[in-house]
Structures are given as C-alpha cells and as structure tokens.
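Chain nomenclature is as follows: A, B and C, assigned in order of appearance, with residue numbering initiated at 1 for each chain independently.
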Amino acid sequence: MTNRDDWLIDMDAGPIFVQIAKNVRRFLARGDLTVGEKLPSARDLAARLSVNPNTVVHAYSELEVQGVLETKRGLGTFVREDAPVETMQQDLLRSAAMRYASELRRLGVSTKEAMAVLQEVLDAGET
Amino acid sequence: MRKFMTLLWLEYRRSWVWGAALIGSLAFWAWGLNQVSASDIGEQLGIRAGLLFFAAGLGALVLCFMIGRIRSETRQGQYQILLLTPPTGYVHVAARYLFAFAVAAVYFMGIGGLAWWIVGSTGLVLNAGTVAQLVLVCPFYLLGLVLIPLLSWTLLLMIFVSAYRISGSGWIPGTVMVLGSPFVLNWYGDWLFHISYTLPGWRLFETVRALVESTPWAAEIDTSGVTALVLPQEPLWGMLLLAVVMLVIAGRIWQEVEG
Amino acid sequence: MLAKLDDVTKLYGKNDGLRDCTLAFPKGEVVGVLGLNGSGKSTMLKLLAGLLFPTAGRVTVFGGAPRANRARIGYLGENDALYTWMKPADAERFMSGLYDDFDAVRYRELLDVLAVPRRKTKAMSKGERGRMRLAMALARDVKLYLLDEPLAGIDLLSREKILTSLVREWHTDEAILLSTHEVAEAESLFDRVLLLREGRVALDASAEALRSEGKSVVAAFREVLS
C-alpha cells in the first residue's frame, strides 16, 4: 500500500475520489490493509499520489459513509474494526468473475470450456 | 526602511564592479598625471588639468551607463519581478540613484584629490581651507550642477524607454525625450543664468592669487588670470531641483506601467 | 472571492489577448488554466497579478486593484528571472527583505525538497532554476498563487517534485491558479479547469465532474479544441 504504483488511478476512469475509495477496498480485500490500521493523512496520500487533497478527503468521507473508515479526532483516519472485509472480497471476486464472463461472451466460448481453462490456470499456480 | 536597504543592497551587488572599476581607475589617472612632464610649469599644469577634466567627463559617462542598465532587466525578466515587489517606484528609483550618487561622490572627491596633488606638485602649498574647497566644494558643486541632473535624466530616459517597450512603441518616446531635452535645458539654463547672483555667490580660492605670486616661478606665468572664484548658488539649486523632479517622474512611471 | 474578472478584455499583439472574460475565483480551489499557445493563459495570470492592465472591464483581487495588492499575491511568471549572479541565499535575502510574508525556513526546506543546488543561477540548469523560483513563490504565505507555466521546459523528475510540493503546500484558505501545457501530468491536481481558446473561456468545469461524465481533463481539452 505504500507504493504509489499499487494504486490504480486512471484519469479516464471516472472521478478520482471514487477510484481512491475502490483502491482502499481492494487493499482491504487483499489483506494489504488490515482492520484497525491507520491510513495516511489526506495530504500525505495526496502528495504520494500527486492528486488534489480534496479528492482524498472526498474518498475518505465516502468510505466513512460506507462504514469502512472512521476518523478519530486528533489521531487520524483508521479502518473500522467492523469494516466489511469479507463483503469487499466477495465484491472483488464477483467483479473479477464478471469480467471473465463478459470476455467469454465476447469470445463465444461455452461455460464448460471456460471452467476447464480456469481449472487449468489455477492448477498451474499462475497468478 | 528594511525594504529600501534591501534594494540598496541589490543595487550594490548588481553594480559594485562598475563602482570598483571607476574608483580604481583613479589610480590609473594618478599614474597618467605623473607621466606628464613639460618644459614650463604653466604648460604642465594645463595638460594635467585637461587630463583631469577628461577623467571627470569619462567618469560621468561611465556612471550614466551604470545607472541606465534597465533594458537588459526588462528583456531578461528581472524588471518584472521588481515591478511586483511591495516598494513603490519612488523607493526603487531612490535606491538606484543613491548608489550611483555614492560612487559618483567618491570618484569626484578623488578627482578633487588629484587636483590638489597637481597643484601641490607645482610647489604651491595650500592652506586647509583652500584644500577643502578644492577637494570637497568644487567636486560637489560640479556634481550637483552637472552629474546629479545627468544621472537623473539617464535614469528617467531608460525607465521611459523600458516602460514603453512593453507596449511596443519603445524608442519613440525615448527619442522625443532625447531630442527635446536640449531645448528644455537651454531654456532652463538661460533662465538660471539670468537669475544668477541674485543670491550671494560662494567665494572660493581667495588666497590663491597671493599664493601664486609668492612662488618662485610666478614670473614665468601670466598671473592675471588667477583670481578668486565666485560660484553662483542659483544654477546649483536649479539643477538639483530639476534632478529631483526627474527622479519623481521616473518613480511615477516605474510604478504606473505594465510589465 | 479572492479574485474576479468582470467582462475583461485585453488586446495587445496580434493574437494574444483575452476577450469578454467574466470569472470568479474563490478560496480553496486549485484551478488549471489550460489552452494552446496564444490562448490567453499568460495574459489572464498577468492581469490578475497586476503586470498588465485590462483594455476593458475590471480585474479585482482581494477587493481592489491587483497592483495595489501585489504584496498579497504570489506570482510566478513564465519569463521572469533572477539576476544570474544570485545564489539561493541571495534570493532569500532579496525576498525576506522585500516581502513581509516570506518564510525563510519554509524556503530552505523547499530548496532541499526540490533539490536546488546552492550555486549561482547562471550555473544552474533550467529545471533547477525553475525549482528555485517555485520555492521562492511557495515560501510566501499568501492566499493567492498565480503560477504561469511552472512546469515548462523542466525535466520530468523536477516536474514530479514540483507537483508534489504544490500538493503539500496548498491550504484550504488559498487559491492556486496554475497554467500549463502538461495537462496530462497536472490534471490530477485541479479542482477546476478553465479551457481557454482564442482568448475566451471555452470550458469552465470541475475536474471530477468531467470525470464522472467519463472524460479525463485531457479528453475534454482535445474535444474543446477540435
């Protein structure tokens, strides 16, 4: 999470604050970020990502509304202990599956064939 | 005050080489004067005086160039930075002028000192009062009469030209000013001449004739031309006033124009 | 409102200039002033800085004329430069002597962050000079910063340093107006973007709003100019 390259922010992919929030959820789902962990200050993260601090603030409030983050006065912004990590993991998995599925549809491949390829890839241990 | 001192510091850092070169050149002139040798005292004195006047004139020219270096600042972009600093145009102009004046004062006192040396080398021994008149009063009178207004005029001209450069018409107002100045000066000078000696003049070198006539070589030269000098006050005040007016206009232009 | 342009027109040169511009700049915004060469970006910033006066209309900064309020404006011009004999320490002396709001400690910190060598400016590269001038501008504690092409002609690494410094130094009670050609690089910094075309405002929008419509600022830029 400390590396700027881990954050996927694309100027053509919609509002930055939405992307920042998505990234935070992704890090939580993958375990790069854990519950109770402190997030960098809006300004620090903004400097690291070279984005306007307002977008980070906006992202953090969105995540607060969604019950993922909480602000502790004077201490900073933290991941809530009760943050719905499993739900995020499910969502991530689901959207990965949807991307795979839409690719399949475009290629016109049957479900059976698709599952076989998936099994093969998983068995080979490729990431 | 702090801002004025900063601008003065800036001017010093910007122009100290000019000042040092100018004042250093006095050593060169001293050497030059020393080289002059002629058969009779009068001729020697004449040549040396001529050389000294030349040194004074050249110094005035150098000082004008020193104070007038604004166009490069407009081109390179320093002027735009200065324009947006808090001090008013008057303060900027005053700082530049003060530095040039300080250098001029030192240089011309140096010239006065060389004049004293020239006189002394003829065997004439001047009393303290006369020395002071030679080294201080005369230089500052000349400074006030000629150089101070000349420096003001140069500064005003260069600010004028730089200011209008931005809008493109550049040299036109500058040329107008240059061509118009002799007429104005002529008219003004005539008027000053006309009112001269209304106030009592300053008597200098009262004792010089007697001194000269008492020297061993007095017989060789024509002493009828050696008289006390009576300097009129009016031209000096008049030119100083003109200098101040020009500086005020320069300051006003500085802060009113576009960058 | 920190600054305003009321129906401002500035005509000079053949193509440069601004026509009938009415804009307001509140505090708390980082505004990107974008456009091609000659579109009026520099003119707009110079008008706000008080270097130029409008042919028509009125420019108001901090409730008054820009030139009169020059002590409260941080302007970084594209073409202005320091004396070539100046070192960063001389620039510090210059700035702290003339500006009451100059923070020398912050200046020195910025010099370190921006890796500005302690040499005379004539011995510096263009990037180093640009970074030094930015340090001078950002070390001033003012509410309005006008930065005209601070990234122009500057190497990639310097540009990154500059953008990061801008993010770090900005505060919510300040407004920064930044003009640049490097739209792609700087777009993530802007709250709002102004796209100028031939002296007129062709687009005035929030950057995030543009992105929710699926357009990056770069894409919007291309669209407006085509």
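Following the convention adopted for this analysis, a contact is a pair of C-beta atoms (placed from the backbone, for glycine too) under 8 Å apart; a residue touches a chain by one contact, two chains touch by 3 or more.
Since the structure is predicted, the reported quantities are computational estimates derived from the model, not experimental observations.
Student: Please categorise the chain-chain contact pattern as a line, ring, star, complete graph or other.
Tutor: Contact map by chain: line.
Student: Could you pull out the chain whose C-alpha mean position is farthest off from that of subunit B?
Tutor: A
Student: Which one chain sits nearest the middle, judging by mean Cα positions?
Tutor: C
Student: If you average the CA atoms of subunit B and of subunit C, how many Å lie between those two points?
Tutor: Each chain reduced to its C-alpha mean, subunit B and subunit C end up 44 Å apart.
Student: What whole-number Å value describes the gap between the mean CA coordinates of subunit A and subunit B?
Tutor: 76
Student: Using mean C-alpha positions as chain centres, tell me how far subunit A is from subunit C in Å, no decimals.
Tutor: Distance between chain centres: 34 Å.
Student: Taking each residue of subunit B in turn, which ones touch at least two of the other chains?
Tutor: Subunit B, residues with two or more chain partners: not present.
Student: Show which residues of subunit B lie in contact with subunit C when the two form their complex.
Tutor: The touching residues are 2-3, 5-7, 9-10, 13-14, 76-78, 80-81, 83-87, 167, 255, 258-259.
Student: Quick one: which bits of subunit C touch subunit A in the complex? Just the residue numbers, please.
Tutor: Checking each residue of subunit C against subunit A gives 28, 30, 160, 163-164, 167-168, 170, 184, 187-191, 207-209, 211-212, 214-219.
Student: For subunit C, which residues are in contact with subunit B within the complex?
Tutor: 12, 46, 49-53, 67, 70-71, 73, 75, 77, 79-83, 85, 90, 93-94, 97-100
Student: Over in the complex, which subunit A residues touch subunit C? Could you list them?
Tutor: Residues 9, 11-17, 43, 46-47, 49-55, 58 of subunit A touch subunit C in their complex.
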